[in-house]
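Below are structures written as structure tokens.
Below are two complexes that have chain A in common, paired first with chain B and then with chain C.
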Partner chain A sequence: MRILKLKKKDLKKFLESISSFGELWAPVKKGNRWAFQPTAPDNIDLDAGRTILPLKKFMVPQKFTMFKYNKEGYTPELSNIPSRIVFGAHPCDIAGLNILDKLFTENFPDPYYIERRKKTAIIGLSCLPDEFCFCNETGTDTVEEGFDLFLSETGTDFYLVWIGSSLGDDLMRMAENLFSEDIAFEDIQKFTNWKKERAKKFKVNIDLTGMPSIFELSLNSKIWDKIGERCLACGSCSMVCPTCNCYDVKDTVELRECKGERNRCWDSCTLHEYSLVAGGHNFRANRSDRLRLWYTHKLESFIGAYGKPSCVGCGRCLVTCPVDINAYTLAKTLREEEVFFK
Partner chain B sequence: MIDNSCIAGDRSNPFLPEMMRIVRRFDLTSDVRFFQVRPTEASRALTLYYKPGTFMMVSNPGVGEAPLSISSTPSRPGLIEFCVRNVGHVTNSLFRMKENDEIGIRGPYGNGFPIETLKGRDLIIVMGGLGAAPLRSLLLYALDNRDDFGEIYLLHGAKNPHEMLFRKEFYDMMERDDLHCMLSVDKDDTGKWPAKVGLVTSLFKEIKHIDPKTTHAAICGPPVMYRFVLQELLKLKIPKHQILMNLERRMKCGVGKCGHCVVREVYTCLDGPVFSYWDVLNMKELIY
Partner chain C sequence: MNPEDRKTKQLPKVGIYGLTSCAGDQLTIVNCEDQILDIFGSAEISSFLMAKSDNTEGEIDVAIVEGSVSSKGDLEMLEDIRKRSKVLIALGNCACNGGPQAACVAAEDHKERMKQVYGDVKWSLPDPIDAKPLSAYVKVDMQITGCPIDKWEFLRALGRLVKGDGPIPISYPVCVECKYNENECLLFKNEMCLGPITLAGCNSVCINHNIPCFGCRGAVIEANVAGEAEMLVNMKHPQFPDRKNFDYQDVKNRAMMYGGNTMAELLDKAKVKGAKK
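After this line comes the complex of A and B, so read on.
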């Protein structure tokens, strides 16, 4: 992959020069957290922590229209998807997108996802972990694909910029003079030193080795009933998880006229209706059944299907769940029993 | 992977249904109605292909979409048939539709029965209640390609004569000498039922001419039926991976995206809905 140098003071100039591609979205402070918002290059918080919602909100919006219909038939809604530049995507979130790519682009490719993915330029930015990050344990603290450009901190006055796609190359060429190919040996050293320093900063110690077997062995464990009793079935974990992609489909119809639309909206397997079928049979009537589905899907089943967990270590479930059920407490409980659910 | 030209719906957008016209409908029981549909675009009618055991996503614009098993056989092209029980929003709205009304269809989806593997084998088809809907497809397919199969047993159980789906069609099949057609009702409240009275499991003792090693069984019915029927099939010494079941789940997309039908690492819509008894034992949650 091509790697170039960009002076930190030139970042603003660079973002201004690529503005013709689309609207710039970047992490902006919202209360005591951050959120991806449309913003001017001046207002970007370069030290932003995790955003409330991950990048999936750009590719699979909370709610969107798949098609409209009238007496003549169905018309897909694909033409009004905006071009956007998303700046400041952290490695874990890009890894989350790579997982969504598998789900949405293999086996019956989803045109809504693909169109949004194509029209969104992803400019990644390296970050430092806070007390909830564990991307080092899930192998997502660095990403090698899934972005157009990736800016890595070096602890000095420049970024190292990875060109990850043909679009990324186009964007770089819109301000080619700001980049330099002149990477010296000491630059490499500064970069590796920064990475070593970063590795020391992780605080969450979550051990995911052998998780599939542990899940398989614990499927009938009473732990699930206890966690189920604690779970509020609020669905917050699914909303903030970068790899939760379940959705519901609802039709709306206009009164009087024979027309309407079919919409998709986020759903969560922790909600009661998730596995309810017509006739009233609910395959997962208990909260413990649904919660077990959530975590076995992330930490066991996905490993079986793709060889790695679909948890990217972003720590969002750790900061979001009101009753402290999250990847960390769950893995720890399955390993050491009743650590967190006394 | 299925050849794209055989799929109903838009080739570039798997979520867009194709319009089909209701050709015929009539009641099978008090709450199950039979629908025959054909593509509005006449040239499409003969190119549609599906395997027995697959399903389609059926839309009524403004109400929603639901997965329905295909009851017809690909060996009789032109029309697609569904059995619909009036239980939810979409099915309820289908009951209000008449001949020549249009509905949206996309599919077929799912793995279906492994037709190629079943060739040359003996078949035991066990259906209960609405389980007749997907298994009728397999049964008619096997009868239309009669030379490809060995002995064929059909075991069909219903609560009472009024609740038996396709009772006339199956009753006529009892005349055939190339099919062991065995029908039973739990209770005969009409006093005129010409076949067996008793549970569907009571029919198993009449299965004689099979070699379990080369026999496949296909089951579909209400959840309570599985346990007892499985016991009977195991008593016949049919290997677990040769016992096939057509399972049901909530589905919103049919194409492995919405997540609702996931069981462990398996999507019922892509990897199912046909699973073997071994799959069921291997994957907790698949049935219950």
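After this line comes the complex of A and C, so read on.
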């Protein structure tokens, strides 16, 4: 992996130089929050906080057409996927993408995901935590892979730029003269100092060590009933979670002609219909069962299968759940037996 | 349509009817200008008073009925339609939940309310009764709700029905579509939003325009009305201490605007602290 230097004042020039690759998307203010939107290099908000939806919307859009069919057969909708540059992806979100990569490209490769991943250039940007971030606890405050380029703050007038892929190298070469390899020892020190300062800024006091055992021991805890009573089953937590990836498939048919399309849309295990099977049997009919599934999947089973939680500490569940059920309150409740949910 | 009919290309017979309502759902169908020829080409529309004049009332495959049952006349008409149709679809909030005219179902006796509003009058119309959804009287096979209905939901359902498939009902709340649209949650902006307990299918159109959900599509399956009311009336969100609470009566009024009997029962069961009887 190569690491180069880019002067902060040259960032705009760099983004302009690579515009031929595809449309530029970056966090744009939406009310009090941010959302990845198409934007111009002039309007980049370098201090943007977490976006409402994570990067998954680029790789697995909320709703998309898989193929259209008629009497002759069907054609997959793969040719019209646009090339995009996504600027300003935070480390936790890139860590989320790395988890989706495992799920969508390894055992059961998903052509729709793979094609979109290929056509989306990810330019990461380091960030400072707000009062809801806990990526320090999930080990996702730094990412080593999953991006094409990654720009890290150094607290000075330049970024350190990691080149994470051959596409990233190609993009860098589109404006090679803006980058320099001249990295002095003091530059490295400035970077490590900045990281030390950042580490002091985390405020969420969450402890995830030993979580799998705590979940295993708490499977029959009454806490789940309390949480189920409170949960509105609105599905918001899983919609905004960077690693939730369940989807539903539905066909739409034309009224008169013999043709139609097959569509995919985000689904969630917290919703009633998710575990409904033929004959009307629902093996997770209660909200408490479904929430337990959601959280044990994130913080227990995933660790068993992949060695790490599928929670990346982005804090979205903390700012999204209207009734304050999230990784933080849950971990605290299970660990301290403090009944958060009266 | 059964497979035999499909072979002979016999189109399914469809009747579209209206009981007590504003007729806005039938109007939504008529307003499908780009698809209206396909609608009339995909099925034999034997009766649709709003759109055509040569209507015949016989055996039909699919009956689509808008409006609530608000009079004995409505009830007779509905029972007749049910008898001669194989599949009956309730169209719009009035047919599915009773509509705004059912907003007071939980209050005092219907006759008493009529007297309060109109005084002692003699009714020239068929006897008015408490407004109720179709399902209070007959078997309803499918519901397409909303005020008005979403035209795409209607077209998708009709498309599947005329080709012999069952429509795919929606079973998740408005929040799901609201997140698809990456909206900022209005519950964190001090709005009384009913998104978490309301059936989706509207593409969260109100919240997309910064208007909280009024629940016009009725309660979602398994709606946690107690949880929603508790959140709006009593809950202090530890991480958002500025979020304000609402008066229970205001929450109830909003939930009942479109919620009908279903919402009345759910609210009654909820037992929210601060609720006055």
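Heads up, the rule we're going with is that the second predicted complex is superposed on the first by the 340 of 342 C-alpha atoms of A that agree within 3 Å, B and C clash if a C-alpha of one lies under 4 Å from a C-alpha of the other, contacts with A are read in each partner's own complex, and residues count from 1 in each chain.
Everything below uses one rule, namely that a residue touches a chain if its C-beta (ideal position, glycine included) is under 8 Å from a C-beta of that chain, and two chains touch if they have at least 3 such contacts.
All of these numbers come straight from a predicted model, not from anything done at the bench.
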{"item": "Contacts of A:Cys234 with chain B and chain C, given as first, second, both or neither", "value": "second"}
{"item": "Chain B versus chain C as contact partner of A:Lys30, first or second or both or neither", "value": "second"}
{"item": "Touched partner set for A:Gln62, first chain B, second chain C, both or neither", "value": "second"}
{"item": "Touching partner for A:Phe185 - first (chain B), second (chain C), both, neither", "value": "neither"}
{"item": "Contacts of A:Leu271 with chain B and chain C, given as first, second, both or neither", "value": "second"}
{"item": "Touching partner for A:Pro322 - first (chain B), second (chain C), both, neither", "value": "second"}
{"item": "Which of chain B and chain C A:Lys250 touches, first, second, both or neither", "value": "both"}
{"item": "Those residues of chain A which chain B touches in one complex and chain C touches in the other", "value": "250, 252-253, 260, 276"}
{"item": "Chain B residues touching chain A - in the complex, by the definition given at the top", "value": "10, 12-17, 19, 59, 61-66, 85, 87-88, 91, 104, 223, 248-250, 252-253, 255-260, 262, 264-265, 270, 284-285, 288"}
{"item": "Parts of chain C lying in touch with chain A, wherever the complex brings them together", "value": "35, 38-39, 41-42, 155-156, 158-160, 162-163, 165, 168, 171-173, 175-176, 178-180, 182-185, 187-189, 195-197, 220-222, 224, 226-228, 230-231, 235, 237-239"}
{"item": "Of all residues in chain A, those that touch chain B in their complex", "value": "66-67, 69, 73-74, 76, 78, 103-104, 107-112, 219, 245-253, 260, 262, 267, 269, 274-279, 281, 283-284, 289, 293, 296-297, 300-302, 304-305"}
{"item": "Contact set on chain A toward chain C in their complex", "value": "30-33, 35, 51-53, 57, 62-63, 131-132, 229-236, 239-240, 250, 252-256, 260, 265-266, 268, 271-273, 276, 287, 318-320, 322-324"}
